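The following blocks contain the structures, represented as structure tokens.
Same chain, two partners: chain A is paired with chain B first, then with chain C.
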Partner chain A sequence: MHQSSPFANATNLQSGAGSSSSNAGRATAGSGPAPISQSPEAPKLRVTDLPDVDEPSAWPAENDEMRIDEPDELPPAGLFDGVQVFPGDGLPMETRPLIGALEPMATLRAEYENGSQSFVKQIDWLMDQGWIGIRRTRGDGDCFYRSLAFAYIEQILNATEPQLAALKALSILDQMPSQLKAVGFQELVFEDFHDAFADLIKAVVEPRVDGRLLTISSLLKAFNEPETSNSVVMYLRLLASAHIKGNPDSYAGFLLHPETAESMDPESFCNNFVEAFGKEADHVQINALSSMLKVNINVAYLDGHDPNGRVSYVKFQDAAEDPDTEPVNLLYRPGHYDILDRRSEDPIPLLLE
Partner chain B sequence: MASRAGSATALRRLMTEYKQLTSQGAPDGMFTAGPISESDFFTWEALIVGPKDTPFEGGVFPAILTFRPLPLFRSSLLPSIPILPHDTYPHGGHLPWTCTLLHTNGSGRQPSDYPLSPFKMKFDPPLFHPNIYPDGTVCISILHTPGDDPLQYEQASERWSPVQSVEKVILSVISMLAEPNLESGANIDCCKLYRENRAEYERIVRQSIREQLGL
Partner chain C sequence: MAVSSRRLQKELMDIKKEGTPVGIELLKADDFSKWILSVEVLGDTVYKGEKFALMFRFDNQYPISAPAVQFVVDDKWSAPEHPICASILGSEWSPVLSVVSVCVTIQSMLASCKVCPCLTAHTRAALLTGRGFSSA
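So, the complex of A and B:
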């Protein structure tokens, strides 16, 4: 799905160097019920009766998968819906970690060396710009949301004053429940997802259950536990949906069905392409999240289209009141988002922790 | 499908929904719903009152709601998760080992993907209705995620996402009882009869309700 970018005016898009073509993705979801008031009558079982959730089980399993060097066989095309296989990536996305360790951009370059030279040129250009690292995500339709959430929290951890950055983020998050309710979401549909995201950020300031503050290593671990990781993805989906539903005029004309390009109303667009798990994100959703989280997002488009090997950036700059805020930098290859980094590997303690 | 949600997320969410349904009741008392037993929060029963001014008026229809993928987790080898007061669990209030077992079975599947994935709903005994399969399984767009199109739903039809809930689905099913969707029929014979001989369709439905009530 290609759209040229008529979206720029309404949503603060700014094209960077090179061409300004952009690719579309998809996302999904549901309708907002009216909030229901609480009755004092107690049911037999209460939510607080539930045990806390903190299963450490997922990470070792993911690790095992990471060690696989070659797939037994590649799946026939189309076997896994929404799973992208990139040249040389070697593994079908489904067996990849949800979010991987930082790796040198040179490894991505090597994967394209026997393929498209226009991609190689663009990768070289990115490396010249200082983007020497990439953190890959699983291509499961949630890669944009997962990348953004990870990079957003990682940026807090890497801030000059992480505690200050965390408190700033938490104060923004505190406003979310009322915005979600305002567009009709029941508290029960978002409270667990909200907590999953907020608890990670809180852990920058206050020790977690294990008595330790959040580190890049524990963040990576959390993002590879499906329970936490997918709750965070779902929360970002609800935030994007809330912004679209709450600002229908800003989005009028841009809510297009990703396949038919038919215009859609906010309710059914969000139901189908924002709130539903596993539906890819496009400009609309990126813009909505940039606005909700007040974070600038730069997306570098690695599309092999520029004859001079330059890479276009699309910048979502909705953290207007603080233009100096370092943006989150993502790498887009048609159908997939990863995280760009100026380092080529994680700090060594990460792997030993 | 790879693992996505976890049973703990599903359990927490289902507890919250149950709590709301119990404390507030359904609108106009149109249905009740809750877990069949406290030892299995992932199987619910709903009792749905036949909507007024439809052939279903006067009936009460039981349906089973299943919140875990079938048939994988039907296996009696898998222990169910006991719902006990918080402090009766060992290990500082965490789910007991059975939960880990459920989490890490060979295929990497989860016992419940709810609410990322929808639940299944089956009338037992089956209802004679254009959008209900002869085995009682309800076929309605709100119980399918976007792109999951067994019956080529219209694009505008409402889909499953985690913002839906048991309550919203059952309310949709109730309005489906009143107004069948012939564009995506699940019981072809019933669709045909509904289209060609509505009076006979209504007679069969009323007859089955009388039989159910033992009249």
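So, the complex of A and C:
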């Protein structure tokens, strides 16, 4: 594993995209839908600084290093202050599903049509790249963890050999309890959460109590039951925390207070910003989970900053390229994560169940 | 079994097997909705030797949701509301914490004299007269 080098390479992480996203997040997350009152400031990227992402249907090929696409060119925190960039789907936060059915990207586009044209351009660009679907999550501060968990299991279900992919995931999960204990978590604190997550993956291979194997439909149902869904979110939080606490040298200098940007020690960073519910994830937590679960995570940044409407990707590459499974693809808008998809609706069997 | 009962059962077993930290005692845990523990302040502080009873109430989302914790004033435990102003019981609650670890935090809060404002002289007096819980 590249525990220190990929992170050390990402020196601009917190000064650029990292701090910008977390601060913008405070400004917009959970505030619910509101009309766009003004467009974001003119984008500041120079054309020559654009990431080289011309390939129409694939993420740029990469090795197993985390790569940051020009985050130092993103505007500083504060750009979003007072600017509503997250119109949402018109529902109050608490009535939105924890995680929704797949919907066409065009519906997201429609929400921005009367507002920020730079977002519309970027959505068009994503659709041209084949990202025609979006699965939304509730903007409750847990959206990154919930999106990742869902997409991680969905990616197992969609693998060419789902059973094999499930067994592989389970063998990785089997190593987690000892890592959690090694950084001081009591077994009673994590085992129920571990089981909640592992049981869903086991259900790809063995029928659940209802006698059926996991389907996209039952996965969606499970993720909308608060008990299961929040247990899974908590488990991912614990895993991220364990990686940070277990590899303090790799994270030294990156554990910054999201508001004050003061440097923090791993213990208090994790206690306050990883293990507590509703605390948003940033690069540090994403990197930690990519490492723990050995899953590649691509995050597309829909931020309205690019004059040509392109979208920057941040890639967290901690797993070897696996021909059977796709990386997890997430869409970031300031303060919120959803799941990107190449399909615009869930597969037909969902309708029959 | 609800997630809260499952977790509290484990915490109870852990207390029975491992015991509680010095100065902390489980007084009452008849069900999975309300527990009473006592916390004795250690060290040389204004509260030295004082013993406070804490009531924990759990909803069925515990430990995902924080327990409601308050000081108990008399032996009928019909305490007026004295919610404890510890950030770990609010926005910084995490399921990583347990009943015992909350008691330890409150114990050290009291020991370092970082007393929450709700613990006024009046409350303290009431708490002191309310001592003498037994675990019977």
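Please note the rule applied: the second predicted complex is superposed on the first by the 262 of 353 C-alpha atoms of A that agree within 3 Å, B and C clash if a C-alpha of one lies under 4 Å from a C-alpha of the other, contacts with A are read in each partner's own complex, and residues count from 1 in each chain.
We take it that a contact is a pair of C-beta atoms (placed from the backbone, for glycine too) under 8 Å apart; a residue touches a chain by one contact, two chains touch by 3 or more.
Everything numeric here is computed off the predicted structure, so don't read it as measured data.
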item	value
First (chain B), second (chain C), both or neither touched by A:277	both
Partner chain in contact with A:268 - chain B first, chain C second, else both or neither	first
Touched partner set for A:257, first chain B, second chain C, both or neither	first
Contacts of A:140 with chain B and chain C, given as first, second, both or neither	first
Which superposed partner A:226 touches (first chain B, second chain C, both, neither)	both
Contact residues common to both interfaces of chain A (with chain B and with chain C)	185-186, 188-189, 191-193, 226-227, 230-231, 234, 238, 241, 271-272, 275-278
Residues of chain A that touch chain B when the two form their complex	28-33, 36-55, 57-58, 61, 81, 94, 140, 185-186, 188-189, 191-193, 226-227, 230-231, 234, 238, 241, 257, 260, 262, 268, 271-273, 275-279
Chain A-facing residues of chain C, complex	3, 6-7, 10-11, 14, 61, 63-64, 91-96, 98
Residue ranges of chain A touching chain C (in the complex, touch as defined)	185-186, 188-189, 191-193, 226-227, 230-231, 234, 237-238, 241, 271-272, 275-278
Chain A-facing residues of chain B, complex	2-6, 8-9, 11-13, 15-20, 22-24, 38, 83, 85-86, 89, 93-95, 99-100, 103-104, 108, 110, 115-117, 145-147, 155-156, 158-165, 167-168
